[in-house]
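Letters A, B, C and D mark the chains as written, and numbering starts fresh at 1 in each.
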């Protein structure tokens, strides 16, 4: 996807204010995510990272003030891995409620191999470990055509090689003109410009 | 008045018990519908007053301590 | 007009306007209620078929009518809060539920008492009473659902959806219960569907219906004021209010 | 960007629900076992006299079918809500209004239709007149579809609540009343030898009203539940 002449932002959030249980988590946040950018949202636990991501992804439509517009379809990977234990990884991705196009079995197998699940395609997801189940979810990063990714702590329960592979995938996605907004407790070392958004500074300001 | 005496009004040719019972229960209901909100508003105000006073005390003690 | 609609959204303004309305509406309501009751009880002739027991109609019919209307008021408030996201409409819906439930309960009790002299049983599965019972459960459903949610804003929205679903279903429930009653019960005394009601009985009934509508409005406004206080507890205008009430 | 056409996406969701149901046959069998067990309670409670049982059979069969359908509506969205699939569904580009219909259809196929097909067995046990068995199956098949739609509304409003099970019954049972009225009346009419078509027509009318309106409430309920 060549960068369009004047880069239109994939995601624009204007003056977003989120309050949870009386505590002001985010106030007056404005954000523009341009193609090729990777944003890392930092903050201590409970600083509202997940709430912000849910608002940016359009999952929570109430409970916040301000405007969020998404110009492109979105891939959201949350804390929970959206994997049905009774289905095999192959079936999980083939029948995914995410609504993306139909993927051929070979695409799915290639994606599962990329996240290190080669050979596990047909066991029931219930028999796999928690880390492996999260990888089924992460396999969607290799399948989904959506340019905008919003990832909530994608690296939890993933070992070191897995993290490295994912960081390469992030860089590749950013270079291809996609954009990523993610939260993570460890700094991202990616061959791309990473913009940081710290929710602690936001609240302190 | 349709009834010639209070006695007749009470008895209502035998139906008085039902009629007056129904009116009594409805009166209780109406009284409850009117009294409950007023009472709960005053209670809410009292609770808020206590909360404000406690906040004040906390703020003063914080100043005092520093 | 638009400024009025906008102002309706500001809690302190609504709190004070409700107060002023109540100051004159409440006494009028009480007077009309007592007048209607006395008129219906003592100054109207008995019904040639049912004798004096029909006097319960002067409280059964108004409570039933306003209870049903109350459900629609609640649903409309819910719809406004859901569609235009007006907090005040959510307050109104929250305040309307218990009043409607109480009115439905009163309608059921007075209907049951009225049934004893008319049919000889305390509970007669008459069409109107059965539909009223279903309406009572609809009210309970809304109140229980509100209580089940921890996040009270989500609770308000969920109740708005439920009460809208309820309003769509109420006409269907009433029609099907009417049909069900006529299927199993040959047309005996049609309970409240008095075909022609003598004018001497009609006027007190209309007066009582107006009285109960006024009562509903008063209770709604009073409940809304309490609800406003609870929701706006940390704002400045409530603080000033507490200070005034403290001195007053 | 090849998002799936809506109908294909609905078919995918339906296949997914049915595959999940097949993978846990116990969940499919539960409502049927419940249906059978509760039917057995009535002769024990009312006495074995076939005349009494036959007279109440239409009502009993319909009430128990209604309760079985209610029993299973709590689990409709709960497992998807717990493992995060529901979030993905809400974020999918396809209209939620149509996606929830495949959930309802799956629930009806798994519980409603199976109940209707099993009902003749229990009808015979209760001594229902033979000519009323076919109308019973027809009215149950139609009626449980409406029950699934309304049950789905209850499920979506309580999806985020921990103890949603009992709460659904209170929310949804008042809305079941019209379906029960015309469903049992259809079977009663068949017993008395009258034509069943008008009742089935009314049930079908309720079904079409439900298909048109219920998804709005279900979609709204899910969006509210996810955000609670």
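Simple rule for what comes next: a contact is a pair of C-beta atoms (placed from the backbone, for glycine too) under 8 Å apart; a residue touches a chain by one contact, two chains touch by 3 or more.
Since the model is a prediction, treat every value here as computed from it, not as a measurement.
**Q** When the contacting C-beta pairs are counted for A-C and for A-D, which pair yields the higher total?
**A** Between the two chain pairs, A-D has more contacting C-beta pairs.
**Q** Where the centre means the average of the CA atoms, what chain is farthest from subunit B?
**A** Result for max centroid distance from subunit B is chain A.
**Q** Once you find the CA centre of subunit B and the CA centre of subunit D, what distance in Å lies between them?
**A** Their C-alpha centroids are separated by 44 Å.
**Q** Per the centroid of Cα atoms for each chain, what is the distance between subunit A and subunit C, given in Å?
**A** The separation of the two C-alpha centroids amounts to 49 Å.
**Q** Between subunit A and subunit B, what is the gap in Å from one C-alpha centre to the other?
**A** Taking the average C-alpha coordinate of subunit A and of subunit B, the gap between them is 55 Å.
**Q** Between subunit A and subunit D, tell me the centre distance in angstrom, where each centre is the average of that chain's C-alpha atoms.
**A** Here subunit A and subunit D have centroids separated by 37 Å.
**Q** Scan subunit D for residues touching two or more other chains and write them down.
**A** 224, 227
**Q** If you look at subunit C, which of its residues touch at least two other chains?
**A** In subunit C, 151, 154, 157 touch at least two other chains.
**Q** Give the pairs of chains that touch; include all such pairs.
**A** Chains touch in the following pairs: A-C, A-D, B-C, C-D.
**Q** In their complex, what parts of subunit C are in touch with subunit A?
**A** Touching subunit A: residues 85, 151, 153-154, 157, 234 of subunit C.
**Q** For the complex, which residues does subunit C have touching subunit B?
**A** It is residues 26, 33, 37, 41-46, 51-53, 55-56, 59-60, 63, 99, 102-103, 105-106, 109-110, 113-114, 116-117, 215, 218-219, 222-223, 225-226, 229-230, 233, 238-239, 241-242, 245-246 of subunit C that touch subunit B.
**Q** Okay, in this complex, where on subunit D does subunit A touch?
**A** Subunit D residues touching subunit A: 1-4, 8-9, 12-13, 15-16, 19-20, 23-24, 79-80, 82-94, 99, 223-224, 226-227.
**Q** Touching residues of subunit A toward subunit C in the complex: what are they?
**A** Going by the criterion above, the answer is residues 22, 62-63.
**Q** Within the complex, which stretch of subunit B touches subunit C?
**A** It comes out as residues 1-3, 9, 12-16, 18-19, 21-23, 25-26, 29-30, 32-34, 37-38, 40-41, 44-45, 48-49, 51-52.
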